[in-house]
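Here the chain labels run A, B, C and D in written order, and each chain numbers its own residues starting at 1.
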Amino acid sequence: MAGVEVDTELERLYEDFGRHGLLPLWTQREDLMPVTPRPAAAAHRWRWRDLYPLAQRAGALVPVGRGGERRAIALANPGLAGLPHATPTLWAAVQYLGARETAPAHRHSQNAFRFVLEGEGVWTVVDGDPVAMRRGDLLLTPAWAFHGHHNTTDEPMAWLDGLDIPLVGYLDANFFEFGEERLSGLSTPDRSRAERLWGHPGLVPVGVAGSAISSPLSAYRWEHTDAALAAQLELADEGHPGAAGPGHAAIRFANPVNGDDVLPTIRTEMHRLRPGAVRSARREVSSSVWQVFDGSGAFVLDGVRSEVDRGDLVAVPSWGETEIRANDRLDLFRFSDAPVIERLRLNQSAEIVR
Amino acid sequence: MAGVEVDTELERLYEDFGRHGLLPLWTQREDLMPVTPRPAAAAHRWRWRDLYPLAQRAGALVPVGRGGERRAIALANPGLAGLPHATPTLWAAVQYLGARETAPAHRHSQNAFRFVLEGEGVWTVVDGDPVAMRRGDLLLTPAWAFHGHHNTTDEPMAWLDGLDIPLVGYLDANFFEFGEERLSGLSTPDRSRAERLWGHPGLVPVGVAGSAISSPLSAYRWEHTDAALAAQLELADEGHPGAAGPGHAAIRFANPVNGDDVLPTIRTEMHRLRPGAVRSARREVSSSVWQVFDGSGAFVLDGVRSEVDRGDLVAVPSWGETEIRANDRLDLFRFSDAPVIERLRLNQSAEIVR
Amino acid sequence: MAGVEVDTELERLYEDFGRHGLLPLWTQREDLMPVTPRPAAAAHRWRWRDLYPLAQRAGALVPVGRGGERRAIALANPGLAGLPHATPTLWAAVQYLGARETAPAHRHSQNAFRFVLEGEGVWTVVDGDPVAMRRGDLLLTPAWAFHGHHNTTDEPMAWLDGLDIPLVGYLDANFFEFGEERLSGLSTPDRSRAERLWGHPGLVPVGVAGSAISSPLSAYRWEHTDAALAAQLELADEGHPGAAGPGHAAIRFANPVNGDDVLPTIRTEMHRLRPGAVRSARREVSSSVWQVFDGSGAFVLDGVRSEVDRGDLVAVPSWGETEIRANDRLDLFRFSDAPVIERLRLNQSAEIVR
Amino acid sequence: MAGVEVDTELERLYEDFGRHGLLPLWTQREDLMPVTPRPAAAAHRWRWRDLYPLAQRAGALVPVGRGGERRAIALANPGLAGLPHATPTLWAAVQYLGARETAPAHRHSQNAFRFVLEGEGVWTVVDGDPVAMRRGDLLLTPAWAFHGHHNTTDEPMAWLDGLDIPLVGYLDANFFEFGEERLSGLSTPDRSRAERLWGHPGLVPVGVAGSAISSPLSAYRWEHTDAALAAQLELADEGHPGAAGPGHAAIRFANPVNGDDVLPTIRTEMHRLRPGAVRSARREVSSSVWQVFDGSGAFVLDGVRSEVDRGDLVAVPSWGETEIRANDRLDLFRFSDAPVIERLRLNQSAEIVR
């Protein structure tokens, strides 16, 4: 056939593909199967100094209650076209609860945690167990656990919510159920029942089975996290192994039942960099959100430097090159979809590529 | 504040959210967290009688070679806006290789299989091991295995390709590498080396370690699949357990190393329904693609009946209600993202909801 | 104190220890904790030409029936002081069933297998499923499965029984129950129901769950074992990996559900050495019993050579140095307590010592 | 044949069996395969008031040093014929270290722990990491870790040693190596490096991998154990689950890496019974040794009551019926071979029998 005829034939073929719900591989192979990841999501930083005042304004204007359920303001990755997704898999939001307010109980198949940047006086009630929320604490509400929050003070409180909403939506595995309108379990104990049962290092109760799916220890307190990070750096000073890198300590929050991540789809970690320390540039197959818990420094993301201060949030797409530099002592909370990648064994090729 | 002022304030707040890369939860909570899954993907049927002639026309018009790599025509789910995705996680395509043609070698982090509806005479060469492709066979090319295909006959051959391209793309875990232009391993043995090592029931070689990530048995032959299905129905006739349901036999293709699915992200199964048998309506948290291998019948998808014949393909989104009815003996190949859902423990809430 | 006084004091102390049920470590530390294993069990060979006539004589003199249960003659390791133990953990016996005889049903917590050196015509009925026994077959009766045997022919038949009787006795985990006096399930199918469900390479039934504890595939047929061994040697001839060593093929019998050993406490393997081939001297933390299935050769056990012929049995204690030499083609069945050592992680130190 | 002839023939047969290293099953089937376990080991109690003075006398008479290695006095179960075994699998001893004494370093494939009834001032140095020993602490020296002890005070100290010496000997998996004569790592820190890295509840270090075989947390401190037990009883008082039974709290010491037992062959637990509480009679497939840490009460073993006081030790064979009664608050340390039984799946039949 002559070239023109072929072109016409080809056009007709492509039209017929379209008419029958088909698309050829050969015209888009490179987009579908690039040599290395080409995330649509962008590396991005959100400033706490922008976020927090907006949360305060929402506190004044938007009631919290049944339907909307939570006064939570989500990070919308600029690469993800108007979706409230910090990365393709992760949802991150600032939740703001005003003085004496209550967020009603519900449960869902999405896994959730809270990480507290500042404040105290809110209890989250997880399947009837009241869990105090205080600066530096990580609190869990695993899939299908009922949970609501109530503020017992005359001050508002704000914290970071992390969920796997985008992932669970993508996989069409959403389930949701409303709980009681008025929370029961309004007592305000210092420690939750979960901590009293599961919060002893290396000790597991004989009389109750903990979940192997998500951690039964619903609160990880700052006091322990801080001590663990401090110990690693002290050990390094004494010449012993333990630190994650030079001037860099890091812990992973784990399920005491089996050592797995606290949630099946979300890894949570805390990092500490000494003043002047650098976590050297690296790429990972996994997307993350970081929050500055304390101190200041900079993220160098694919070569672009962003200064960060207390409360600032940074989204890092998969395979994004990330270097972290501490000015003064820099404490960073991080959550990521690393368990997803690992459970699906999608980190194997990257290991070979390196 | 008066209502109007509040509205203005609120508008301004939402604008400011947008300016700072934020989105509120409360206006879209129900969309983000519906009571049960609301897949964008549609239940859909593609007719082989439409597909195959289009593949033939592509065979005449489109060369196969480096760059486009494969003459593969993908099912584009009508709910997924122009993407070549059969379901949110699964890619399914008809691949067509003309007489004496060769598809060049490459490898990628995406997991792939081929399932052969008809024909023979093509060998797929997987990491140097030539694997014959024949009607009813399931052939694997796990992540990061080099593979190319060559047609040794004067007849074209077409088959079903299944991959996790959408999932791996969503998770930004794509890696790709070109292999040799001209295939080595052009011998045409009846059985691959993989089968000679791993294809003996319940026997594993002592001298080589098989992969626990994906099956080292790269070919599952129709002869065995057929025998396994026949045996289940015979056992049922004799009053013994074994069948998947009344008049319904089913096997899952498994890794002989550990019994897991053959690929970490894709489950593959073969089903046989007796003439007149019905697989009763059910919902699953997991999306699937079915292909009619033999016989005819109907899929009733969320209450809508679609007749199916040999070669027809049906995509079923997660939580789509699916009933299957056999006219004559109906053999069905199925692949799904069930291992993804199970490994991420996202089937737990559904178990409770039921 | 003076030396004599000390000695007297010490004698009195040791007497007092004895009176209170105590024993000092320091006088026996080296025996309790030797530098490398010092098995009481001996490396030993039993000749089939001795064993079989004795089994025949027992067939004439000793009835088989309730109470004694089985006409089984056990290998008594000369190092184990009159106990019917082939090694500290393993029981091995020749079982002899006369023409038309039946061994009544029972079940027990001990795990058992049969390996058939010669003959056919006996069916073992495992939880109601009749399993034909033929030369070269491995048949399983896992813990707590009811089983009896019946000889449908006018010829006697003898085979090897392997159990974990010594181990289960040592751990005081014995449970035993008599079954029906007259076997039900007296049909004599060529293939058991277990094989029809589970005996297809890499295919698992969707409708029934197999046990992860012991293999649901109760028969491993010689035809498959032979083919797997032959294929390994052919692959080696063609320059491909697969063989266990030069001129040496080996397979492990595995649970198709998860790839584990067929029984939780016993590993079973078949080895083939080419004429003149040598399996070089090695030590393992694990005790074994080998039986010559075909051919002739020699075991060199801690430097002492024992010739072996068809049917001969060899017990090898843990850490015994073992070399195997084939005269003509030598096929060897082996069973061992390797899963015990591995599950208890007692092979770790040895790995470091090597 | 006539009866007499048969008897003669049979005698001759049995003689010939003996000559060829064989033993018939039918004469000893019931002993080999009893209906339920018939342990040779006896239920037995040792009094601390007997043990401790003997240990003191040994301290005066027997030096500690290379060769004998440890001044440890083992419990010899009266049913086990002069062997220094508390149960068939477990070794239990009182180790006594005089003022300023040092027990030299060594390592072995046997797994060991120490449990401290009273005193302090000894450090055990585990692979160079000094671990303080104090009342109520559980200290680990897993297989193949170098360890020695040194007493930094002018007072002697005694504690319970628990090892799997009988099991490892039975399985012929013994390996042993002398270490340095003079301990290095003579510093006396309050907390070991292991605790500083691994002793934070639910937190695991990112920079070092812990062993999945045995716990990297080499010290479990009484402070935590006590708090965990107290919390369970408080929760019970408040009407919440958590306790092991009425008036009965119990924890299992676990590997923070994966939640497994701290040693692959030994389970360790601490139990607390309230004054007057009863742990009802039960049987388990597993042998145990209990030590009274505090309080007094009674063990009713197969119906026989033995009073117990602080320091007393009780050995319970597998399947021995055990009831425990508290007079005043009774704290009990227990170790057992439960992981052996579970890993070998020998508890399955018992589950069915019950």
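As a convention for this text, a residue touches a chain if its C-beta (ideal position, glycine included) is under 8 Å from a C-beta of that chain, and two chains touch if they have at least 3 such contacts.
No experiment lies behind these values; they were computed from the predicted model shown.
Peer 1: Using the contact definition stated above, find the chains touching both chain B and chain C.
Peer 2: A chain counts here if it touches both chain B and chain C, and no chain qualifies.
Peer 1: Whole-Å distance, chain A centre to chain D centre, using C-alpha means?
Peer 2: Those two chain centres are 43 Å apart.
Peer 1: How far is the middle of chain C from the middle of chain D, if each middle is the mean of its Cα atoms, in Å?
Peer 2: About 30 Å, centre to centre.
Peer 1: Round to the nearest whole Å and give the separation of the Cα centres of chain A and chain C.
Peer 2: Going by mean C-alpha positions, chain A sits 52 Å from chain C.
Peer 1: Could you list which residues of chain B touch at least two other chains?
Peer 2: Where chain B is concerned, no single residue meets two or more other chains.
Peer 1: Provide the full list of chain pairs in touch.
Peer 2: Touching chain pairs, listed by label, are A-B, A-D, B-C, C-D.
Peer 1: Using the touch definition from the top, list the residues of chain B that touch chain C in their complex.
Peer 2: Interface residues on the chain B side: 193, 196-208, 215, 217, 220, 224-225, 227-228, 231-232, 234-235, 240-245, 249-259, 262, 269.
Peer 1: Looking at the complex, which residues from chain D come into contact with chain C?
Peer 2: The contact residues of chain D facing chain C are 6, 9-10, 13, 16-17, 20-30, 32-39, 41, 44, 46-47, 50-51, 54, 57-58, 61-62, 64, 67-78, 82-84, 88-89, 91, 93, 108-110, 143-144, 165, 167-177, 213-214, 264-265, 285, 287, 317-319, 337, 339-341, 343-350, 352-353.
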